[in-house]
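One chain, subunit A, links the two complexes that follow: it is found with subunit B in the first and with subunit C in the second.
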Partner chain A sequence: MAITSVKNLKEFSTTNDRFEGAHTLCPGCAHSMIVRELMNCTDDNLVVSANTGCLEVSTAVYPFTSWDTSWIHIGFENAATSVSAAQVMHKVRKKKGTLKDNDAPVKFVAFGGDGSTFDIGFQWLSGAFERQHDFTYICLDNENYANTGGQRSSATPIGATTSTSVAGTHSYGKKEKKKDIVAIMAAHGAPYVAQLAPNKWKLMAKGFQTALETEGPCFINTVSPCCTEWKFEPKDTMGITDLATDSLMFPLYEIHNGHELNILYRPKNIISAEEYLGAQGRYKHLFKPEYRHVIDKIQKDIDDNWAMLQRREEARI
Partner chain B sequence: MQDLKLRASENRGKSQLEAGFDLLGWDEVTQGSVLPSFEGDASGIANLKAEERNYSGYNSYTATVASWRVVKPVFNIDVCIDCQNCWVWCPDSSILSRDKQMLGIDYDHCKGCEICVEVCPTNPKSLLMFKENEDLETALSGWPEKTKKEKN
Partner chain C sequence: MAVEFEVNEREVWDGNYAASQALRQADVDVVVAYPITPSTPIVENYGSYVGNGYIDGEFIMVESEHAAMSGCIGASAAGGRVATATSSQGFALMVEVLYQASGMRLPIVLNVVNRALAAPLNVRGDHADMYLGRDSGWIQMGAFNAQEAYDLALCAFRIAENHSVRLPVMVHQDGFITSHTAQNVYPLSNEAAAKFVGVIDPVDDMLDFSRPVTYGAQTEEDWHFEHKAKQHKAIMDSKPVIDAIFAEFKEISGREYKRVETYDMEDADVCIIGLGTTVETARVAAKELRKEKGIKAGVLAIRCFRPFPYEEVREALEGVKSIAVTDRSSPGGAMGAFYNEVAGAMATSKARPMVTNYIYGLGGRDLSIENVKTILTEQQANVDAGYITTDLQQFTNLRGPHLGFFKTARS
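Presenting the complex of A and B:
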């Protein structure tokens, strides 16, 4: 497989973009950073499939396409299904020798937002992982249904206000915890599962390359701050991502073969959850005296999760 | 630096119909239709730079979102250290970077999100935001001086 060098940023910058501009994602959206990085970290032909979501509606506005590779869109939930079908077709045609270029390496990638990964497309994703197709699934986790007006999804963390879990005098926003999708996908016995963030571009590129090289289904959950629904200025996207990884709200780690957990990034100065929450408008109400206890709960959850990850890394289970 | 000949398509920035391009209505397209990103053979596209590619009119590279912008980033090559931070974090693929060097900004694709200015590590910053109607020479002539760190 032809992987491009990610030794340093200068070398990486000589790669040619295969995800074009003039898509209609919001200014400051992290989706396109993640997608671009995936497309730039390999020279191989790619077959990309996308679930319905911000990425799909913004990159395929008729009559334009922003993709310089084969790109399939079918329904909300079935990026994993369509890409696994394409992968099987490629395998069979390669065996029969009916491809135009039989030796060209092809990688299969599916993109989904958090709504289509955690909720709507979960059954299809789980099925594709059970069938052990050779593809990489990347979840662009912005913690709500941003495309349709910011409704809550099962990726929305506790305390966040969304258009269907509105904070006010009687509620502090969403009351339920976020689903631990990385652990769920690792439990499928997938060879490579990881949680990555665009601010650590090198870790992310290396993670993508590992996933593309690994045979079998790989899952990567990427943090994608949404300036529209998390309510911050577009220019702060990278700052918010830094806060997310440094407060351990989004710890970066990988799991090989369902049990070997490696923590990829240990922040030198762990910042408090309060700093991360305070930077976003969707948590503004938590700083009222009556809802302070939610911040304490979020901090406790983060600490427990970080302790659990460290113990898992040590115990290799 | 902005008059770089990096544009693959002469028709860029114009609407597709003006470009003499036969466009079906959205309700006339049959299901399962294919929009080709390139004219002719598209193999080996990963090894071609944007200016060497033969983009079709369907590729969004030939379109523009310049009208979204109210402020624009201006690039000062004298201060730039070619760290490529802006290249990797630009959400709109608008940083023109060739042979490890930052060359300028693609104003047809830039939406003015200001991320490039935020991630720029130089002092003074080599990218700054200006009003959309400000011309480049005035912007570059009033570039701020290096600021000294305050000692505590």
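Presenting the complex of A and C:
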């Protein structure tokens, strides 16, 4: 049963698994929640690709696989290319009638972490979107190279300490702003892009379904809190996600056809950046008096971004 | 249904066009490619066949060669027939994914129009790119002219898709000399080619949802070694399959291919070993030298660079006393790779003939008939002296003073 008709979490927990629980992701990792939701939000057949990263190394270690569907991983950078070429092959074979089941509906999905999406695989992602392949790309954004020990990526926010943007007496951690991947992918003219989060699981399922049903390349950035590198207790993953969405550090919104922006979630009580940052070890150093200005900057960036999103939603541009 | 493309019994095609016609006749489902000189026309032509309805496939022009091979892997795992083409820097950019294609046992056909690797930048033909792929786990076959580029491309699909092989295949031709020189080519009829190549019967088809497959799993020290050993065994065991497919191709075309080709080798004292367009030059030189100086010279050509035909090379060189192995690639601080293969094969022979190495033709530098005669004459001098009279490795037709390395103990 696809997640479409699922009313509550209890029911959700009993949906069919095409993504099996037996994997080696860290306890508390949000990746598996997001992936499972995607896999269960459609009854169609799925061809899934993955870039190298936490998800890939944890779900297909020979002789085991967590994937009860067609799955392919090549390298760090090319999941968008492999799955979009498979989609073209499907088109050709359907036309020629050489498929095992010529009428079975199929959806094509690529997963990448933020390192492979924002950095090393960006060219492949951009190319596949420019070519207008009919597939959905989902970024599992945990804001660092978690699989290789927590190095900074271009998704790492200002102020975070990572193993290659180390906070100390002379540094407050990463100096540069996070790349706005959602805007970049919308600028490709993609029919549907969105930023979603697993704590708002119904919104996420709806966004996934919209992407799968929309013809053409769709991009979804999902916040995937990483207890190992963000430094919080594994049991707190959903709580941290709540802080991420309610502080508007991760605003949830969608953009249709490159410009029609809809805000998907308006927190009743917007919490401060300080509250979000304070819950994670990676920002601990910011609470020293000398780095107070960084927290202020993060708060200002959040406020500016939220104002911009609301203006865009209102103006429909 | 595709529109019929008429081919004549005899055509005047260059190597690129010949290869692209093989892709059309093999009814390739998907070509994923990125342009690079001198191989670009192969995929451009495929695109024009798609554009004009001569083929029911799809041409995906991607944003880089890395993406081209990545796309070939995705499309091939999705169960259809896949091919592409590249050269030089593009080949170099593909290397990461070449290993992935062979490791996943995907029957992709890659037409490589050989070209030098930068720096300095050079668009002409040498074998640097081919050598870069030599440990990639692909079967590598060399075409010496346009006809062979066509014939071997057709054979390549059969070899790659054979269920006991299941490995990707490269068909090499020399940049410009073969790829851009129009020659007489005798193609098969469309029907005969289609019948010979047949329909792909995919193994582990990602689009067969009754049996989900996981491609590209991780293996560490517990299983990686066994996987790579199995892959190596598959390429070593592909030799009889290649021979059988060549034999079948001879039945329908009259053209015979062997993994090792020999010319004037029956009574040869000396010989030159090469591949690519060099072979035709060497054949002329050896014949002339026999007439002019009475030197019993022969030519041995490697058709199948991987899997390397060690036994066949050793057998073909039985009785030969001094052997010149030519390498058209800068060896980077060693003997040429091709030399090392032949020397390795001959180290297991009873006679242990002299084996010398000539580096030539880098960046498209011509190798003339006179150059080959000099090389063969030096081999005869070795035979007469009973030892290697030259440096073991020499550069041929190079500007400036003589360049050679590694004197043998007896010289």
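Brief remarks follow.
By definition in this document, the second predicted complex is superposed on the first by the 304 of 317 C-alpha atoms of A that agree within 3 Å, B and C clash if a C-alpha of one lies under 4 Å from a C-alpha of the other, contacts with A are read in each partner's own complex, and residues count from 1 in each chain.
In this section, a contact is a pair of C-beta atoms (placed from the backbone, for glycine too) under 8 Å apart; a residue touches a chain by one contact, two chains touch by 3 or more.
Keep in mind the model is a prediction, meaning the values are calculated, not measured.
Subunit B and subunit C, once both complexes are superposed via subunit A, clash. Look at A:Ala104: by the touch rule set out above, it reaches both subunit B and subunit C. Touch criterion met: A:Ala85 reaches subunit C, while subunit B stays clear of it. By the document's definition of touching, both partners, subunit B and subunit C, reach A:Thr65. Contact with subunit B, but none with subunit C, is seen for A:Gly28 once the two complexes are overlaid on the shared chain.
In the superposed pair of complexes, A:Gly239 makes contact with subunit B only, with no contact to subunit C.
When the two complexes are overlaid on their common chain A, residue A:Phe19 makes contact with subunit B while staying clear of subunit C. Residue contacts after overlaying the shared chain place A:Lys268 against neither subunit B nor subunit C.
Stretch 20-28 of subunit B is the one among 2-10, 20-28, 74-82 or 128-136 that clashes with subunit C after the shared chain A is superposed. Comparing the two interfaces of subunit A, the one with subunit B and the one with subunit C have residues 45, 60-63, 65, 67-69, 101, 104 in common. By the touch rule above, subunit B contacts subunit A in their complex via residues 16, 23, 26, 29, 35, 37-38, 42-43, 45-50, 53, 57-65, 68, 82-85, 87-94, 97, 99-100, 106, 108-115, 117-119. The part of subunit A that touches subunit C in the complex is made up of residues 45, 47, 49, 56-57, 60-63, 65, 67-75, 77-78, 81-86, 88-93, 95-96, 98-101, 104, 106, 123-124, 126-127, 130-131. The part of subunit C that touches subunit A in the complex is made up of residues 29-30, 32, 56-58, 60, 62-64, 66-67, 70-80, 82, 96-97, 100, 199, 205-210, 212-220, 223, 227.
Only residues 9-25, 27-33, 36-37, 42-45, 59-69, 101, 104, 198, 201, 233-239 of subunit A touch subunit B when the two sit together in their complex.
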